Amino acid sequence: MMTKGRLEAFTDGVLAIIITIMVLELKVPHGGDFEDLKPLLPIFGSYILSFIYIAIYWNNHHHMMQTVKHVTGSILWANMHLLFWLSLIPFVSGWMGENHFTTAGVFLYGIVLLGAAIAYFVLQYLIIKSHGKDFILSKALGKDLKGKASPVLYIIGIISAFFNIWISGFMFVFVAVMWLIPDNRIEKALNKDSNL
Amino acid sequence: MMTKGRLEAFTDGVLAIIITIMVLELKVPHGGDFEDLKPLLPIFGSYILSFIYIAIYWNNHHHMMQTVKHVTGSILWANMHLLFWLSLIPFVSGWMGENHFTTAGVFLYGIVLLGAAIAYFVLQYLIIKSHGKDFILSKALGKDLKGKASPVLYIIGIISAFFNIWISGFMFVFVAVMWLIPDNRIEKALNKDSNL
Amino acid sequence: MMTKGRLEAFTDGVLAIIITIMVLELKVPHGGDFEDLKPLLPIFGSYILSFIYIAIYWNNHHHMMQTVKHVTGSILWANMHLLFWLSLIPFVSGWMGENHFTTAGVFLYGIVLLGAAIAYFVLQYLIIKSHGKDFILSKALGKDLKGKASPVLYIIGIISAFFNIWISGFMFVFVAVMWLIPDNRIEKALNKDSNL
Amino acid sequence: MMTKGRLEAFTDGVLAIIITIMVLELKVPHGGDFEDLKPLLPIFGSYILSFIYIAIYWNNHHHMMQTVKHVTGSILWANMHLLFWLSLIPFVSGWMGENHFTTAGVFLYGIVLLGAAIAYFVLQYLIIKSHGKDFILSKALGKDLKGKASPVLYIIGIISAFFNIWISGFMFVFVAVMWLIPDNRIEKALNKDSNL
């Protein structure tokens, strides 16, 4: 039996650090006028998008963990695997922004988003598998449309990077917006369940 | 139902990191004499002010969360929105200090303070709205003079940046001092309330 | 009596920061093409290995602390000693990667791994000593083959650095893989023990 | 009433970050040979000393907080004041090390140690004042010889910086060693006290 508390605390710590050190990519410019900020605008745009993605992952992770009753060794490693992909976001976010959204930058950003999505999916799968068939999370997820659509949209975004980075950008923003829209599946299921 | 504990832990983590990485803007000078520290003085002044602001936000956030009984999805996102503005403080603080308080630097610092204040206000509003009418926080805040005066003073400071940055500086320091003065509204209300 | 909770929280915090700031060694390249990432590949390989090591330490630490019933002053300092060695991993990892696995780089990386392993061993020893003879951890560890093999393999890797860094690399990867393979000794022992 | 838990969590977070980001002052050298590490040796020495100081503060803070039964607004700000001084340690530590222990570097390091000691003293005083006269901490501290000797030794170290930095270095190391020696005053007092 492993306490899920410490898993949550560690994940919170890592996500809090990722979301905060990203801002270090916004290097303080040496000039002090408004135009000196101009070169930072793409990095800043990239920062906002990445901030939202980390916030979404924290949010979804938090909801998912609420339903968890026990943590196995493989769940723990699946969680580490997720944190690995998320830890690369400050780097790919900075690179994409600093080079004004080149094909390679946008491509790599998409790859990291896709890697994180797959890692999250694996984590979710292992949690469901390790709990009984009446497990609240499986009921709450239902068909899990968002979870299934995201990787597809990321892949479209990744391939588009070689033709038109605007399509890629649209895909990555679209997925973020899709997850930002309130989604009370787990909250509702938890409220129904009297055991919690 | 969401546990407010994890929201607090995540917020604590982000604020702890913000308050600490700000010191990384104090780049270690290559010379080892006292005069080599001189160029760092404005950055240091800027650091002290920003440190106090983050401490105030932590303090107020902590008090506010003590009264909260449940956390909704929108409260969570309002909290993330607040953290976004606060995460920009190390950058604007470093930029303002390194360029010796130019108009643009002081202006942007004020904009970020204003953004954080508005985000805090929205968070507070959503918390009050989601709780009943006898909610302890609404009683504790009363007319919330400080909360209402701060954005006005920030706006005066932001506009003054184009004419006289000393006025701006005075405004930003004044708001910080105003919040530093002990304010026991919530503590008193909590003590009165026998349910806590 | 010292609460082990705060020891765990502090350790989690430090490990979360170590695992995350390592990514800062991946300096964003100025060019925006795929070939601009090439020089980063060895640093990235080094990053992955170090990430896995920190994850293993977190995992093992977590399991060990579950069995702990009280924390003495010397346990606390042994823990700090472990954190000291682990805090050097981002530095040696970055150095080893950036200089493409020179003898000195690989040697120093091995020294830090060895230092951490010894520190962990000391911590484990102090915990066992401070608990009774029926202490669950001593039973769970049994002969502790992995714990005893690791320092030996590190030393082989450290010495090999002067002849053939591929042997060193193999040793360091091998130890990581050895620990990644599920190992349920403590979990099993905890489940047997009805007191927990 | 304020929960001391969140004060501890925030302090843990800040100390964990301080102790970890200090290692970022150890800039990865571009050469990959052993001699390329040589210029880093003074920074590394400085890092070890600072690591021990932060560990001591964490340790003492942890013990002190165990005795605390309630946290007032002024205790909270005294704690922030302590964190402010400690947050400067990575900077002064890096500066002192990088410039090979110049007078100014050693002087400033001493000033920050002194500032932190005074801040700790104020925090301790406010905690004792806010609790009753039978408060366990006052009994545990007794004459508090270490607490009183430290600032005196720091001041000697600070003044010596102008004549002989070896005396300063000795003082700063001596105080660290003095605190490292086990000191069970609070632990003993807590064990005696049946209320805990």
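Labels for the chains are A, B, C and D, by order of writing; each one numbers its residues from 1.
The working rule: contacts are C-beta pairs under 8 Å (C-beta built on N, C-alpha and C of every residue); 3 or more make two chains touch, one makes a residue touch a chain.
As the structure is a computational prediction, the values presented were derived from the model and not from experiment.
Q: Fitting the CA atoms of subunit A to subunit C, what rotation angle results, rounded to the nearest 5 degrees?
A: The C-alpha superposition of subunit A onto subunit C needs 90 degrees.
Q: Where the centre means the average of the CA atoms, what chain is farthest from subunit A?
A: D
Q: How many angstrom lie between the centres of subunit B and subunit D, each centre taken as the mean Cα position?
A: 26
Q: In angstrom, rounded to a whole number, how far apart do the mean CA points of subunit B and subunit C lie?
A: 37
Q: In subunit B, which residues are in touch with two or more of the other chains?
A: Within subunit B, the residues that touch at least two other chains are 9, 13, 16-17, 21, 24.
Q: Quick check: in the complex, which residue numbers of subunit B touch subunit D?
A: 8-9, 12-13, 15-17, 19-21, 23-24, 26, 28-34, 36-37, 48, 51, 55, 58-59, 62-63, 66, 180, 182, 184, 187, 190-191, 196
Q: Help me check something: in the complex, which residues belonging to subunit C touch subunit D?
A: Going by the criterion above, the answer is residues 1-3, 6, 9-10, 13-14, 16-18, 21, 24-25, 73-74, 76-77, 80, 83-84, 87-88, 90-91, 94-95, 98-100, 102, 104-105, 108.
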